[in-house]
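Presented sequentially are two complexes of subunit A, the first with subunit B as partner and the second with subunit C.
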Partner chain A sequence: MSVITLNPPSSRKYRFSGTQAYCFASAALSILIVGTILLTLLVQSGPILLTGNADIIGTKWNPSDGKFGILPMLFGSVFVMSIAVSIAFPVGLMAAVYIAETRSSKLRRVLKSTLEILAGIPSIVYGLIGVTYLNIWIADLFDLQSGRIILTAGILLGIMILPTFLTLTEDAISAVPVKYRENAKSLGLYRHEVFLSIILPKAKSGIAGAGLLALGRALGETMAVMLVIGSLDRLPSPLLNPLSSGQTITSKLGREVTESAFGSPHFSALVFMGLLLVLITIFLTIASRYLFRQKDQHV
Partner chain B sequence: MSERVNIRRVQEKCFAFILRASLALCGGVLVFLLGSIVVKGFGSLSLDFFFTPAKDFGKSGGVIYQILGSLLMVVAAAVLVLPLALGTAIFQISYNARPKIRYVLEQSLYALNAIPSITYGLFGLIFFVNVLNTGISWFVGAVILAIMILPTAILSTYQAMAAIPKTYQENAAALGLTKAQVIRRVTLPQSFHGLVTGLLIGLARAIGETAPIMFIATAFSGVTVPQSLVEPVSTLPTHILELAQQSTDPQALQNAWGASLILVGLVAGFSGLALLIRSRLSSEGRK
Partner chain C sequence: MSSPKLSLVSGHSSADSSAEPHCIHMDGFSAYYGDNCIVSDVNLRLPPKGVTCLIGPSGAGKSTILRWLNRINEESERASFSGKIEVLGRDVLKGYPDVTELRRKVGMVFQQPCVFPCSIYDNMLMGLRSRKLSKGEARSIIEQSLKAASLWDEVSHRLAQPASALSLGQQQRLCLARALVLEPEVLLLDEPTASIDPVSSRAIEAFVIEQGREIPIIMVTHNIGQAKRISDHVIFLCDGQIVEQGTRAHMFSMRSAEKTRTYITEEFCDC
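Coming up: the complex of A and B.
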């Protein structure tokens, strides 16, 4: 907001300095990049949207028949994300409450910095952990031939989004002023009552924002999911069976983009899925920004 | 009355137990993750592993060209993103007086940050490799990584610039400096740490990315140091990916863990440097 209002002498007012030109060009290029990405994806998904008989909203994906139903992938993405979220959110929220309500600032600092390390571990390394351990444990646990199933992908993804969700939630809870807690406690409320009736309503939008951001990350995650999901382009049967192999949009893209010829309907269908993914994640991010701003206004 | 109090007590005990259990679960996962990376990784590290090229499709030999390829690509990305991030941040802070443009720019950057990494790869494949016909090239990979870290770099620089006390710029303007001079003499030196920190955080993120570069910039084997801009390189993340797909082969997995530890070490190195520089330079700048 700190635009300098003190103008130089008016003779120079309309001279376009080099610095100014450079800055304008940079800003224009930054906006242009975003536009180009969206436009490129849109243009390339055009062919599949214009051919009428590809059954885009179908359950069958078979490039040799010209059938490109994206429902199995879309369902897979949502299913894996739901499993991840139902693991990460409760655990993350409760751990965040503990960290935020503890009065030891040293413990808090240590935990926060370790969480940042965890958030920095590349997703391919999570994938390796999934392949080496989780995979095999799940297969043993449920007595399956292979542990490359939706459940494994969901659990791994849950572990991956946990640090992000935890840190942001903790920030939201810590931002509730201490005086609210003190007042509530002095009225004789127990800790869980303080949390449920004071902290949670106050930190609600911040926590929701953290949740949406984590959702976006979960949807867009590729490498780890691709390695453990089993890559099967069918809806699981029965539909909500987490023990079957599956496919998400991201794992589909990771596996098949190099196999499809540029410009073919196959490629176009893949790009269309990519475009859907981008639009969903952008929407989630904008929604979470809105919620974070709400938080700032309330507290 | 006493019964009611007892119920609340029990509830509180349960609540406290759940909190502790959740924290313990998080701690357990954390220890397991870091522990397995360190233990498994150290098992396959040796001096040779760092300094020899990969052999037998990664099953034996080391990862020297993977390390060099990764570093080459992220350093190039940082060099590419530096002028763009700097210019955009200065634009936001000094030239952009219209709220509408500010809004569009901010939203664009948040959108850029939200785009899943694999779609960057898809975009690169369409726009550079096919439309501009560059072929598989490490430089295209660097451009894509630069786009990915652009929001981080701009935001960090912008925040450092916004934190400069307004009196600094007003004083400089009062002394008769033009806007461009104020930027060069006051804004830039005072916010330099923000740019460097943003770039390093971006580097830490970029070096671990697999999805954006696996279609457009890398080859698995037979790659050494590139001689031109349009050759593929081999990188640590894509190397780990290939090895992890041969997960039935213990030797391949072993090397994948070694490469992972090096990768995590590089990420931690860049992040650590970013923190160090933030605390160093920002405290010096304010004096």
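Coming up: the complex of A and C.
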């Protein structure tokens, strides 16, 4: 009687172990890099946090007076991001639905390729277009002396994140298996009913991922925003006035990080703003995952 | 090779069947995918009741025929057909300018169970979205359909739970019940038992026999035994053409064509 061994040959075992070790090392390295970034930001933020300088949550930024109020930059980032998202998300979602659900596969390929090229254009190019045209159009439209305002930065950022959001959303919608569409249509559902009742719930995680990536780009974008936002370290007056100049965290970092001395309170305050950006991104990621998991459990 | 123009209603002669009502009538039907001809010159007349099984090897065009009967194939941009298809006395294209009307009348269940990302209750009512139903009415319709699909006892206490939590066999029975909610006048089944357990298969066979007494059911199957158990009529297709069609008694007898007998006994087709 022959004996069958369930153990794999030793060479296979070693190869598997090697692959496993490589994967583990890669995963550990990724976690280590994220941890190192967070730790570095935290350590470098130390001087400004430990000095007990209450002005860190103030509205005045004046390094020569030791004032490092970050609220104008934090508000500017959130405000610009909100404008960008309110432009890019509805337009991107509608366009993605149109491309994925109604167009021919040939046209879809052409549109997708174009969008992917747009997503890959360096941000400075968008910034130059913003300075050359958008800036002037906005100034003319609202009869302003300068178009370098929060609204211009928001619109420009919206245009910038649109291709990323659109192409990833379209991917998420197209990735829903054909069988869902066929089953829904065979029940006599109209195209819009199929999309709203079946496709959208199936694609929501992918769309949320697209939204997060787009948000990440919106939050982290520096050059284009820096060129058109007006760089004013003050809260708008009134607060939700998009026609005033402003400043975002990234544009502030882009302008001042090379001018500050390493280890100084000024440098530390700038790093602290960087830490805030990372924390906001982490919060958005966790919040969206939690939200979608909750909804999935309730279905 | 052209298919014999036979009627399933009254034996094998189209002349005999001219007075009989037909739920489905295909005349010179050919289906294409791009430039490829998938089905050529099919002539069919199906009776208003009973179970018709389409049998034949893979790629014979069984599913293609089925998928044109409710025009689900037109969702594929390269699919097209020529010839005439009449469903419930109306041309499948001109007679149904709103395709959703056709699809509500001609229900379809596919090979792979596919439940929607919502509760069992919502899955059942998906096709009735346009109708305003009271909770009592909705519950009654759901109960009736789930009972017909032999699923009520298993899910009655958990209608609010996600349909995806059901086993594959239960999901497929849910798909059948979901199609039944619309009270279809024709039911198309594309290998509904191909990927499920024997217990659910038997339940589906019972469902098909029961429903076949009320409405015409056209079912694609690779399971010859199943066709023998549930069919009233059988159509044997090979290489995109009808080789033979007739009543179950005829098709599973020694009187059937040699190719049919070879396929039925050996599940092999040399067309």
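What we mean here is this: the second predicted complex is superposed on the first by the 237 of 299 C-alpha atoms of A that agree within 3 Å, B and C clash if a C-alpha of one lies under 4 Å from a C-alpha of the other, contacts with A are read in each partner's own complex, and residues count from 1 in each chain.
Methods note: a contact is a pair of C-beta atoms (placed from the backbone, for glycine too) under 8 Å apart; a residue touches a chain by one contact, two chains touch by 3 or more.
All figures in this text were calculated on a predicted structure; none of them were measured in a lab.
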Contacts of A:Ser244 with subunit B and subunit C, given as first, second, both or neither: neither
Contacts of A:Tyr190 with subunit B and subunit C, given as first, second, both or neither: both
Touched partner set for A:Arg181, first subunit B, second subunit C, both or neither: second
Residues of subunit A touched, compared between subunit B and subunit C (which is higher): B
First, second, both or neither for A:Ile198, with subunit B first and subunit C second: second
Subunit B versus subunit C as contact partner of A:Ser231, first or second or both or neither: neither
Shared contact residues on subunit A - subunit B and subunit C: 190, 193
Residues on subunit B engaged by subunit A in the complex (per definition of touch): 8-9, 11-12, 14-16, 18-23, 25-26, 29-30, 33-34, 36-37, 40, 83-88, 90-97, 101, 104-105, 107-123, 125-127, 130-131, 147, 150, 154, 162, 164, 166, 169-170, 173-174, 178-180, 182-184, 204-205, 207-211, 214-215, 237, 240-241, 244-245, 247, 253, 256-257, 260, 263-264, 267-268, 271
Contact footprint of subunit A on subunit C as seen in their complex: 70, 72, 75, 77, 100-101, 103-104, 107-110, 112, 114, 116-119, 126-127, 129, 162, 175, 178-179, 182
Interfacial residue positions of subunit A with respect to subunit C in the complex: 104-105, 179-190, 193, 197-198, 201-202, 299
Touch list for subunit A against partner subunit B, complex: 1-4, 6, 8, 12, 17-20, 22-27, 29-31, 33-37, 40-41, 44, 90-95, 97-99, 114-118, 120-125, 127-129, 131-133, 135, 159, 162, 166, 190-193, 195, 216, 219-223, 227, 250, 253-254, 257-258, 262-263, 270-271, 274-275, 277-278, 281-282, 284-286, 289
